[in-house]
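Below, chain A partners chain B and then partners chain C, in two separate complexes.
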Partner chain A sequence: MDDLTEASNHIHTLRAQIAATETQLGTLKLQLQQAEHPSLPPTTEPLSPPQTGIPAEWTNATLPALQENVQRDIAQRLRQERGLEDAPTIQAASQRRRWPLATHEYSRYGRQLIMPEIGLRGQLHLKNARVLIVGLGGLGCPAAAYLAGAGVGTLGLVDGDTVEESNLHRQLAHATARVGWNKAESAKAYLSSLNGNVRYDVYKCHLRPESAVEYFGDYDVVLDCTDHPTSRYLISDACVLAGKPLVSASALKTEGQLIVLNNPPAPPGDATGGPCYRCIFPKPPPAASVLSCGEGGILGPVVGVMGVLQALEAIKIITAAKPMATDDPVKPTMLMFSAYSNPQFRSVRMRARRAGCAICSSEATLTAQSLTSGSLDYVAFCGAQASVDIVAPEQRVSATTFSRLPMGDNGVLIDVRDETQFGICALRESVNVPWTGSAERWVQSARDVGVDFEDGRQMFTVCRFGNDSQLAARAITETLPSTINGASAKNVRVKHIEGGFEAWRKEVDPTWPDY
Partner chain B sequence: MYYPSSAVTQEVMSAPKAPPGRFTLLYFAAASSFTRRQHDFLVAPLPLAQLYDELEKSYAGIKEQVLSSCALTLNLDYVDPEEEASKGEKGAVIQPGDEVAIIPPVSAG
Partner chain C sequence: MEKTANPITLQVEFTTDTKGQPSNVAFLTTWLCDHLMKDPRKEMFVLEGSVRPGVLVLINDADWELEGEEKYELQSGDEIVFVSTLHGG
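Entry: the complex of A and B
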């Protein structure tokens, strides 16, 4: 990263030197002209062909304004437009060329360039923008693709994971041939072929509290395309501390959420800034209730549409022509997408900054120091998702041992996965009683489908990974004694299969579907 | 923990209008998985501060497992049950015909 920054600085310096020298050359030529023809009035007429593509008489009025706008940091501009920061000194229009964009850029971006929402000004803003995308999965792939396509100058790509085959149905920037690659690297390969004019900064690592604020400082807008509460709180905190607007989206199963946070990115304690993730969701969900896409499932277009919308919001922030009009606290809307509902899209107004917010209020207890020192433990805050370990040793059986047991009349196998997974693959003669989170409800469902807990047979529970099967086993031992007249708990014998069907596939049947 | 996906109503349907004397409660994401419903019609008026206790009666465990981390909207505007509770009698009251939405954070992506 340091090397890239150094190279970038060097290029920047060289460009500035060339521009300054060209300006000096122009001035010298003008002086020469005046010395040779003292009778002519001084002229602002460009000497060589018109340098900007803008009529000469407009050049001086238009170009400095254009470049001044473009060269400002976007987050800084958002703050300035809200009166949160002093205006910058207007830089000299030193980088004049004949046309502000390269010839090929007019044709590549022409379809959006002619939109009044974008125009030349917006395209130049995009070209000068630096956007950081954290997570190159189902959200990050489409978001990055559209931002690269739109001609964002620099895209930072952060991901420490590797591409897996199960990603490819939705993470379209990756490819079958790149399974096993780092996701940021793989995304860069795709994006480079899409648009080679964009600079891609690749960070092959997970975002860490120690460095997040520093990373964010180099960018104008941050996109949260991650998949866990820990990273969502970290990214939001770092955006508040670094003063950057955050475009946050998420998706699971058939639903998605989208919200623009910390926009405008006022400093902590300034109530006119946009709220942060903690303002909306001050308490993280219980760790046990958090589902990943691997656990809960995800429909490709659902997460895709959310990622595309993130790109759209980022483009709107980058190209915004006018400051937000009001001094009232900003209340952003959350867009909720629900693929199987009607209406599919719903917009609800969220709140302004929360008075007691831990990071963005005047009572903030979290600072950049909390992050860089590592004293803020996001994993502890969100609760570690430990694997379930609640049944006694004698209530466990390995997949291998289970495979050698005679079944038939001697035992009952209860598969506690949901009906959909049971429909994908199941063991013969197993009974499907999906675990639903409530012991009483589950035991009742089991009895409803004819499971007789009192017949003295050995019960076995199995699930996908060996967690829910423990909960079900415990439900049997803890719930039944109180619900069966006259039967004692000792008559009920239950074991869960350790490691579930994942262990079954590894130990017993390698052809078992690895979904 | 898993909830059977097929238990969540999958057919395309919008929430019908609440019958007289009731308000519409919409469930999203984890709230929908937990209740296995997309909406309920509850009796109004109901002080907003009492909504979660009311739901706990119908769906044991929902308060701790789902509601404690949710965002809540009343007629499309964010409301905070704790803030409303702190206002005492001046806190918001859900009226017949209102629409309340329970919005758990979705973090996957």
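Entry: the complex of A and C
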């Protein structure tokens, strides 16, 4: 009696397993069908009578199997369907072709494969996708790592810069041993060890207007991981002309911004397309307001977060169940991240395409010809930041000359860097009065910390690169006389140290921290 | 009013503008420039009479271009954010 019950249970369990396995197979087959023929509606109607509960396309394969000896057949069939090498027959060979991914790919991508957002269809889309990453710095490194990890078929890596030691705290695809390497090459070395199934196309150069549209034409999605408005306008323009969606991010200090542009990538003049960079920012910012990470600083995880989010948006675009419907209005948003604010994330609604946009509207004045001919000068458009050159020659002193001057009672050195930089390294007996942009306020701040401009001593100003020190020197000569009773400008003696502490390190003290 | 690069959050209370101008975003911008901005480099905020390129103005979490830009009439409780565009990477 017990034996009979046990046998009955065993049969029941096996039947349940068969049913479950076949349902799963049916779903996978359906996903494959949709992946191979995305335009076809999914097959939901069985072609033969539905009594079996088995998808129609599987009826021929599974019904005969069910009619055979269940206990013997199931194990064999499951082995074949796993594509085992020892599966013996021609039938087995055809079974192997049934699996669109290689055996190791199922295990490598399994954790994302089982998510409905990805599934087999999404994984195949990733495998067939070609993504171009422009810039392999703080954004590009994490973005490339996650896209390689996810199994994107081809990653294009564009960068003309070389790896520097100051990159390594945030650009984690590079390595101490690869300082001096081209960044695209270095990233490829890292990415290849992460996932050798991905094809990496390396472009060891800066993106150029003449070739950008052609490059972009070979890819499905472009990531802007660069660090300057010049390249941001160029990449956006080329994406519009090549018809590619653009995932754009930026970061500085403790903040980051992310926006997906030209998505969907409708042709210029088609208002159903997503806005481009020029729609959002028709005019470039003044060059003086553009701060690089080298000037303003950057916290590694901040730019890392933004790069990871770029990879996420790219994966969403690639694996989207259907192309964005053109009758749905575009609802672009910009994600803003601020590490020390509460809340840290803010999603902001942005405008659609701009009616008069220079590149993506029906009134566009820029064309592929403008780019390929090289007539469009992005550097001139964004303006180059002129170095400060405002003090008279007699108010300049080289670092070398300064190092030989007796100080103490004879002179006062005012260091105009901010407090944080002053705290890293400073010359003995220098006074820290950070430059804040206002001559009057700066002079007052100096007085507040005890600087006596009227005691006849020679004043020196110094900063990191020799720009702000000129502004401070001018503040002293121009602001001070009007505030001193009876004193003339001649009584105020001030010089700035040319080239700042960078020159100091190169000319005088090689151990001076190069931060 | 909030500026997220070095966040400064201010609660600003306006009554009707004395000169009969509407209390819109243009008015707010000028008012901030004249009364609160300590940095003399006004061109870092306002250029040619409007907020300079590279500064996004957000009205209640929307780009001001969706809300009528500087003509938008301030309502009680509105949150206006001025944020610099970032370019680093």
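In the analysis below, the second predicted complex is superposed on the first by the 414 of 515 C-alpha atoms of A that agree within 3 Å, B and C clash if a C-alpha of one lies under 4 Å from a C-alpha of the other, contacts with A are read in each partner's own complex, and residues count from 1 in each chain.
Here, contacts are C-beta pairs under 8 Å (C-beta built on N, C-alpha and C of every residue); 3 or more make two chains touch, one makes a residue touch a chain.
Worth saying up front: this structure is predicted, and the values here are computed from it rather than measured.
Of the two partner chains, neither chain B nor chain C is touched by A:Arg474. When both complexes are overlaid on chain A, the residue A:Pro285 reaches chain B and chain C alike.
When the shared chain is aligned, chain B and chain C each come close enough to touch A:Gly137. In the superposed model, A:Lys127 makes contact with neither chain B nor chain C. In the superposed model, A:Glu255 lies in contact with both chain B and chain C. When the two complexes are laid over each other on chain A, chain A has residues 135, 137-140, 225-229, 232, 249-253, 255-257, 280-281, 283-286, 288-293, 296, 298, 303, 306, 334, 336, 338, 340-341, 346-351, 436-438 in contact with both chain B and chain C.
Considering their complex, residues 135, 137-140, 225-229, 232, 249-253, 255-257, 280-281, 283-286, 288-293, 295-298, 303, 306, 331, 334, 336, 338, 340-343, 346-351, 417-420, 434-438, 463-464, 467-468, 471 of chain A touch chain B. The touching residues of chain B, when paired with chain A in their complex, are 1-7, 9-14, 28-30, 34, 38, 60-61, 64-66, 68-69, 71, 73, 76-78, 80, 101, 103-109. Taken together, the chain C residues at the contact with chain A in this complex read 4-5, 7, 38-41, 43-44, 47, 52-56, 58, 61-63, 65-66, 83-89.
Note for the complex: chain A touches chain C at residues 135, 137-140, 224-229, 232, 249-253, 255-257, 280-286, 288-293, 296, 298, 303, 306, 334, 336, 338, 340-341, 346-351, 436-441.
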